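There are two complexes below, and they share chain A, which is joined by chain B in the first and by chain C in the second.
What follows is the complex of A and B.
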């Protein structure tokens, strides 16, 4: 393709090609602080392309493809090329990664132990992870958490955090402006701005962490904590996994071990401050 | 040298994996993925010297393929449990059949839908039995449904509502309206048992079906994999039976597939280095178009050569139905776009 770059996030080496320069330049700015090994073959290939040659210039719209392509997925305008790249990277990992059990969950770690937070988008798992990542926790990832079938450890996938809507302001006031990407306004997913994880989190991205606590956060409503049984946690995490079925028995064994060894809770919280307080309390119990 | 060329050179053993430059792996991997052959390549290169990241990716692919194979065979077992009590016998086709029969082409082979062949009089009963056992129609429009039932060699696809897996119930191996009409009854009656009790086509019929699927049905999209199947099948069958090529020739004649099977064999020779017996080892000008079509894949996994693709698309339809019907069909399809 005309423009291309390579990015390594956690164990995944991406190759991203584009018909336009802008999305590649934006990615390279966002991922400038990540270790780079251009000699390593890519695990996943993303293509950002114009469906028809003239659409490179005329009302340019970015189609997302690569190793895996979702048929009939709507293209994005070129101004949202960075979002297209992010969606393309997520898509390839979600559909192609087989080395680990993939959970649609954020994670942070402290003292070598991981807190895994799973929930639908809008549950606040990304924001909570981003905020904890600024206060003494190592951000492992805001979108995917990988669980190693052999060791049972959680592995980090610390891509640039995708902050949405109100979370943008809440996080922006706590971090240096240089750690924020451009504001992508009024995308199909709302306003989006990327946060570059702290340098320590990127440097530690290959360090596994033993899961110590699983939370299913829900933003909104009274502060509440509900212990969750192994069975329910198991079922909810199968729904949060994109490769549970494809991994077959290994997926079952990995997830069964995770929920047996790790306490799980459903938590609701009215605002980030009380969310963080809930997390700290449960964490203190879990690692005691 | 395109990525697709490097891919087939590696599969054929013409190129040592250790000689690939660091920039070449990306292209080979993307081309292999696009051809649904990455796990096949991973098996082929299991003992080769490859960079650590590639070795890790290949190991993932082999493990995933082993699980997928187990799931595909389980799906076949589910079909058996739905159909056997009604006394409906079926023959496994394509990927699931290769896996059930333990054939070498099934190593790492991606298996999509479950394809089965039943004799034409059993088709409606088979459909009912499957509907009663949890399969349901994939939502499709009335034209497509009518088209399948009237003209195709298979029922409209059914999907299982809890396992989310598709089954294609065939009553012959090429569309009813196709210029070639293989003898499906002979195929079913000469089917053989695999070691776990599934019926699969006889060796010669299996190769005939593989060639028909590759050359006579469809536009050669993903044809490298089907050709690899054909290459492995014929190579292994010929190694086990000195008269295999002769039997294949006779059987292909019976099905009206002689030219098709011969072309597949020549392409397997040209692309994967297959050794052909005298009488098969000829050179035919038209093959060049097929080779070019099969290898039209760039190092980003994209199809190349749009015009050639369109030509093969039209060819597939031309073979599939008479001209007046083709015109009607394409008109209906175009209006629905």
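What follows is the complex of A and C.
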């Protein structure tokens, strides 16, 4: 790889290489405030490479590679190199990480306790976490939450938040422009703009937090709260975990403990303001 | 035809975690997770290490839970045993 950088997000040290300078420069700007330890061995490698050598110059398109690859991953135009890098980083963690149970969930923390929010793309978990992260909560991550099999604690993975479509405007009006990345318009996932987490969240990224509340948010419809039984929460979180099967009995024990010790609710909300109000109400009950 | 006989998976092969109304069973041999509802865990408990028929299990459950033996209990348990066998949690003996 002609260009390379290293980025540490929570416990994961990435090595990212690229045939082009632009995606690496964009990443280095987004992650400038993250602690850097180039001497540490990389846990995951992401490569952004040209399909053919000449394609680096002619209609360049980015292929994503690394320790793990998805055969059908589409090449992206070079203008979306930053998105390709992000997808590559997610892919390497989702497929390769073994030290913790990995949940496809956002998380925020307050007073050393964590709120974990699991949901599909479009559920609003990422936007809710980003907004709470601007309002007195510590953003632990918008995409992945790691659970330690030994302690049961949640560990942060505070990558740059991937804001999509309507969430971009909603968050942009609350934060300094310098905390936003370039607008990536009309990507396969819609419009995307990255948000750099607050400096406090980055500084605290190695601090674990004991889970206190699990939510399964759903954006749209009337505001509603439905308590979820431990069995259903367990099954839904196995579906939300990318490495549950790979961890074997350790994953089983970690998840059983998590749902047994942590109350869970399904919540629906029509807009971010009511979503945040629901979260605050449930949180007050959970930590009482 | 004689009642089919079954033996439960050895206790060391299973990790059982009751979770509210459901029970999680992790099978260390297959690395599979099973989420089961009553009476599955109770059937496995009642079998212990013994080779059992549905009728024997029905008898043991009626004693353990102090319930009257209902006529259809053995046939219901026979169906559940069939399902437990499909999961690999009991095997024909």
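Everything that follows uses one rule, which is that the second predicted complex is superposed on the first by the 288 of 288 C-alpha atoms of A that agree within 3 Å, B and C clash if a C-alpha of one lies under 4 Å from a C-alpha of the other, contacts with A are read in each partner's own complex, and residues count from 1 in each chain.
Keep in mind that, in the parts below, a contact is a pair of C-beta atoms (placed from the backbone, for glycine too) under 8 Å apart; a residue touches a chain by one contact, two chains touch by 3 or more.
Values in this document were obtained by computation on a predicted structure and should not be read as measured data.
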Notebook entry, point to check: More residues of chain A in touch with chain C or with chain B?
Noted result: B
Notebook entry, point to check: When the two structures are overlaid on chain A, which partner does A:47 contact: first (chain B), second (chain C), both, or neither?
Noted result: first
Margin query: With both complexes superposed on chain A, which partner does A:1 reach: first (chain B), second (chain C), both or neither?
Written below: first
Margin query: With both complexes superposed on chain A, which partner does A:162 reach: first (chain B), second (chain C), both or neither?
Written below: neither
Notebook entry, point to check: Who does A:106 touch here: chain B (first), chain C (second), both, or neither?
Noted result: neither
Notebook entry, point to check: For A:145, is the partner it touches chain B (first), chain C (second), both, or none of the two (neither)?
Noted result: neither
Next item on the list: Based on the superposed arrangement, let me know which partner A:268 touches: chain B (first), chain C (second), both, or neither?
Entry: neither
Next item on the list: Kindly classify A:39 by the partners it touches after superposition: chain B alone (first), chain C alone (second), both, or neither?
Entry: first
Note to self: Just to be sure I read the superposition right, which of the two partners does A:249 touch: chain B = first, chain C = second, or both, or neither?
What the structure shows: both
Checklist line | Contact residues common to both interfaces of chain A (with chain B and with chain C) | finding: 248-249
Checklist line | Touching residues (chain side chain B, partner chain A) in the complex | finding: 22, 25-26, 29-30, 33-34, 51, 53-54, 56-57, 60-61, 63-64, 67-68, 70-71, 300-302
Margin query: Could you list, by residue number, the parts of chain A that touch chain C in their complex?
Written below: 229-231, 234-235, 238, 245, 248-249, 252-253, 256, 259-260
Note to self: Per the contact definition, I'd like the list of chain C residues that touch chain A in the complex.
What the structure shows: 15, 17, 19-22, 24, 26, 28, 31, 33, 35
Next item on the list: Over in the complex, which chain A residues touch chain B? Could you list them?
Entry: 1, 13, 15, 17, 39-43, 45, 47, 66-67, 98-99, 246-250
